[in-house]
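Multiple structures follow.
Here come two complexes built around chain A, the first alongside chain B, the second alongside chain C.
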Partner chain A sequence: MKRLLNIHEAPTILFTLLIGIIFAFISPAFLGLDNVKLILDQNTTTCIVAIGMTMVILLGGIDLSVGSVLALTATSVGLFLSSGMSPWLASLLGVAVGVLCGIFNGYFIAVLNIPDIIVTLASMYIFRGLAVGISGGTWMTNFPSQFQFFGQGKLLGISFPLLVAIILVIGFVLLLKFTRFGRRIYAIGGNKSAARLAGIGIAKSKFTVYVYSGMLVGIAAVIFASKVGSVQASTAGSNLSFEVMAAVLIGGGSIFGGIGTIAGTVVGVLLMGMIKNGLIIAKVSPFWVDAATGFLIILAIVINTLQHVRQNRRKGGELI
Partner chain B sequence: MSTLARKLPFKPNRMLVQLLLLLLIILFFSFQAPYFLSFTNFMNVLNQMVEVGLIAIPMTMIIISGAMDLSVGSILAFSAVCMGIAFEGGLNIWLSVIVGLLAGLACGAVNGYLIARHRMQAIVVTIGMLVMLRGLVYVLNEGRPVSGFPDAFYFMGQQYIWGIPFNAIFLAVMFLLVTFVMKKTRFGAYVYGIGNNEETVHYSGISVIRTRFILFLLSGLFSALAGVFLVSRLASAEATSGTNIELDVITATLIGGTHIFGGRGSLSGTFVGLLIIVFLRNGLNLLGVSVLYQSVILGILLLIAVGKQKA
Partner chain C sequence: MANPVLTMEGISKEFPGVKALEGVDFELYPGEVHALMGENGAGKSTLMKILSGVYAPTNGIIRLKGEEVVFRNPLAAQHQGVSIIHQEFNLFPNLSAAENMYIDRPEIAGRFGWLSWSKMYREAQQLVDSIGGGGIDVRKEVRHLGVHSQQVIEIAKALSFQADVLIMDEPSAALPENEVQKMFEVVERLKAQGVAIVYVSHRMKEIFEIADKVTVLRDGRKIATRNISEVTEQSLIRMMVGKEVSQLYPVRPFQQRKETVLQVKQLSLDAAHAVSFQLHKGEILGLFGLPGSGSHTIACRLFGLAKGTGEIGINGKPVQINSPAEAKEMRIAYVPPDRHRQGIIKPLSIRSNLALPILRDLSEGGRLNQEKIKKISQYYMDRLHIKSPNDLQSVDFLSGGNQQKVVIGKWLASKPEILILEEPTRGVDVGAKAEIYNIIHELAQNGLSILLISSEMPEIIGLSDRILVLHKGEFVHEFGHGEADQEQLLKRASNPRLVEGDAV
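Our next item is the complex of A and B:
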């Protein structure tokens, strides 16, 4: 029992269960099989984006631009499709657009050494403007029926997007745990100067992380476009970066970097999804959802800071 | 750039470069847009820059102290809507204004308490406030605008004194006042000190917590003031007001030479940065460039401004 409680994500898991039980009491439909499936299905895009955000936050960074990258990628996939490309090729090119956005962010952050908050704040507006520009301000609709497979199709009885999300989660869990690249991320986030002295190329790792993050957003955007069936460049994913950030922080990721796991993030995503879904089932005004997201971000940073202080006290190293 | 700088007969300081940039922008738009170079348009620009300008004052101080406040746009909307609701509830308009200002102060106090007292990361706390307050604004108001304020209230945002908008005069006075505070008082020195070396300031027996807290309080108050002026100018309190204003504010501050890592910067620089941004936006508006493309241009400007700064 004590060992169970010592797991870093234990509070999050307990909290998630608690929220689930509360919502189940408020509305019996909440725990129905259909609703559980719905929650899982609704949060695949968020989950995929959150994998990239976890790595960024592990480095001690922040990425505000994911929502705009999603909009840009989704609109360009729409454009590729309407120009008559095959769905697979269009999706691949869409992911490539996401990677390009990641390279843009990574170049300014890692190579030019500009603080990530400023770069992603700027690129948030730049990518959003580009997305609206290439779409001409209209809705992207009329996707071919084959393209719907990416967001609504089923493979082996599981919905395709969920399968993609699961594969990506497992892949990146392994990547972070067992490869040199993954351990470097933890090392840089934990202690930058020590990592530099140990001969780790910080710029290179940072750059790679932003490229991976862009790629993941690209994949998420393809699924998003296919699932929703219509994309409006000016609003698609407009609050995504904040939601994803909330999920990562709630899942035990530390804003100071170096602490956090993808498993925790997945729990965080589920918690956010449950709260959204539960609020709607309980017939609360949808306006409360945003307020709840913001509140969760603040709650997460409060918990985060408390943990940080406690750990430092245990070490007894802090002077002030 | 450096070879060019050596050839110039004078020492190119930062202020001069900014003023040149401003002059270039004004010249460019004077040739491109026929209505740009006129007294009415310039006064119009002054009238419209007040909200961004008011928020840029505390933002400069906060960035100098090495932090950042992303919640300003939401605080603006929150206090505007609080004011509108208080007025609809039958309160006197000036009392409603005070309610709005108090709402802004309260938001600033929450920010300040978490960031200064508990040393939480400013960026994350203010992002949390940004999302939460925007949600609360919609909850409070159900997304419907409040209007129908008395004529006396529109004085703040729409009245011209000797041909100059009243709110621009107010902004100028505020800039002068805060410049004095930053240059001549202990508080200003503390702000620069915290930005340069927080620990030294702490060991000099100065309360870093109190200084930080006051900074975020000021940010809340000025955002609320901006909200009041915005409502007075547009004659309606809307839930969407102040969305994305942080891009303009931060870009103005950073173009103005305030260093992103803190410790360096000035309000006079911010003022020039502010003029650059508002004339740019006005000129692009006159040329019929969409707001979203304007954001692209501002974003690129922001990257350039910070890219030139070296740690």
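Our next item is the complex of A and C:
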């Protein structure tokens, strides 16, 4: 039991279970199969984007631009489709747009060594602006019916987006746990100078992470466009950056880097999704969702900090 | 004797304006513990940085097992069998002990090139056990391990590179007393395995306990290499300090003791244990101890940066000091040891830096009185001879000595009664040093009470009216005016028990 509690994600998981039980008491429908499916389905895009954000935050970095990347990619896909391109090709090119955005961020952050918060703040505006510009500010709708498969189709009995999310989660969990690339991310986030001394190329790792992140946002954007059936460049994914950052932190990630897991992030995403859904089912005004999310973040940080304090108490350390 | 595993021949290193090393030869044999000794600034760390690939020597050759080598960086040195364990460990706190040893190493790959955790844990545990760290679970994250265990992990990491040469920089500084013996056991095992160890330390007692040979550096030159059986503590100290103390210091005549300004009773926290002392008006009181002896802790406590037990009295009144702001109110000022990190705000001008501690006094109805600031700034520029075209220059462009004067100046501007100086001339050139010494002397003459903490013995001896020696957090000796010399001071600070016939 004690060992279980020592797992970094334990508090978040326990808390998620607790919230689930509370909602189930308030409204039995909450744990119904349909509702569980709904929760999972509603959060696939967030979850996919959060994978990339987990890696960014593990490096000790931050990315404010993912919402704009989503808008730009989704808008591009819309344009590709309206030009008569096949849904598969349009989607593939869409993902490529996401990758290009990642390369853009990665180049300035990793190669030119400009602080990530500045680069992604700028690119947040740039990508959003581009999206609005190329769409002419109008809604993109009337996607061909084959395109709906990416957001609403089913494969092997489960929804296609969910399947994609599951595969990506498993893939990146393995990548982080079992490859040198993955372990380098943890090393850099844990102690940059020790990483340098161990011969780890910090710039290369950072660059790769931002490219991966761009790719993931690209995939999420295709699903998003297909699921919603329309894209408005100026609003698509407008809150996404903060939402996924919140999910990473709630899932036990440390804003200082080095600590956190994709599994934890997934729990974070689910917890946020559950609360949104549960409040609606419990007929609480949806206006309270944001406040609840905010409290969750604070709670997560407090838990993080308490753990940190407890672990460092013995060490004395430097006084100033 | 066997062939040396490592030879360094005629190593010199020049930094702009400074010769850190001049023609140093050094030889190391397999299975020996070779102590490297010298005062601060003698060139020990420069030599070790050259050996471990951090610096390239200006001149000289390094041979490893007979072959000439050039280390491009620490990793290259490590791969060729020379590893260094710094005083501050280079570990990843968030990763397991095993991963710390094998991070980013292709040799622990399993199938398809994927990392094999079981193989990594197995090999790491074997290695750790082989040097006597059997109690350590290598699956644990390093941040959950104690200091000794962390050190063992550092050593094991070095060995995982098949180290022939292991440099240990002040390995006991981070360890509590009861764990030093454990570290020695590890070192003995390494010796038995044929690893050559360079042991850099100030601590006499340890040197005589663990080392086979000792090399002494002074002022960037090698003074001698001897078998440990051929030297005594006395002779070592003499080699380290040389003789003459230069004329850097103002002559401070004996002072009649005036009233007590600061009274400290039974102060305990962290590294300091039940410390009591008094500081008198116009006195320069030196605190000397080896790294980790607690002098820094005492300074932090007095300036409200750390909490602890014990009583502090100022001018006879008991006071509580819980923050630097409160300390300032009590007219205490503190010039911290690390100028860059703690002293100056680099992008700001000299004027802004000087005004910083007294902004409250300079504001009138919420507005800063620029005229007043200018006047004060000009005053301290002149008074401390801060060399700069004007006081609007950002301090980043000043030399180390002038930066340090700015730090001293900003605290003088707060009109303190008690000035704590910690390492006031660290990284400052000789000319500026002499100037700063004169300033300190004058300040005391004008009635300021000064607590001087420094690791440079000549400085402590040259300036202080009295010197208190700290050993492991306790005062072990007091030197009165003119009583101390470097030999005595170092002896008391490194091992007070060695001083015979003297009840402390």
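Here, the second predicted complex is superposed on the first by the 313 of 320 C-alpha atoms of A that agree within 3 Å, B and C clash if a C-alpha of one lies under 4 Å from a C-alpha of the other, contacts with A are read in each partner's own complex, and residues count from 1 in each chain.
By our rule, contacts are C-beta pairs under 8 Å (C-beta built on N, C-alpha and C of every residue); 3 or more make two chains touch, one makes a residue touch a chain.
If you're wondering where the values come from, they're calculated on a predicted model, not measured in any experiment.
Judged by the touch definition given at the top, the superposed model places A:Ile167 against neither chain B nor chain C. Contact with chain C, but none with chain B, is seen for A:Gly189 once the two complexes are overlaid on the shared chain.
Look at A:Leu121: by the touch rule set out above, it reaches chain B but stays clear of chain C. For chain A, the partner with contacts to more residues, out of chain B and chain C, is B. Once the two complexes are overlaid on the shared chain, A:Leu14 sits clear of chain B and of chain C alike. When the two structures are aligned on the shared chain, A:Ala198 is found in touch with chain C, with no touch to chain B. Once the two complexes are laid over each other on the shared chain, residue contacts for A:Gly258 go to chain C alone; chain B is not touched. In the superposition on chain A, A:Leu112 makes contact with chain B only, while chain C stays out of contact range.
Of the two partner chains placed by superposition, A:Ile158 touches none, neither chain B nor chain C.
Comparing which residues of chain A touch chain B with which touch chain C, the overlap comprises 320. Of all residues in chain A, those touching chain B in their complex are 62, 108, 112-115, 117-119, 121-126, 128-130, 132-133, 137, 234, 239, 242, 245-246, 249, 255-256, 285, 287-298, 301-302, 304-305, 320. Considering their complex, residues 68, 114, 118-121, 123-125, 127-136, 138-139, 142-143, 199, 202, 244, 246-247, 250, 254, 260-261, 290, 292-293, 295-296, 298-300, 302-303, 306-307, 311 of chain B touch chain A.
Those residues of chain C that touch chain A in the shared complex are 73-75, 90-95, 99, 103-104, 106, 113-115, 117, 143-144, 146-147, 270-271, 296-297, 300, 305-306, 336, 342. Only residues 177-180, 183-184, 186-187, 189-191, 193-195, 197-200, 258-259, 311-312, 314-316, 319-320 of chain A touch chain C when the two sit together in their complex.
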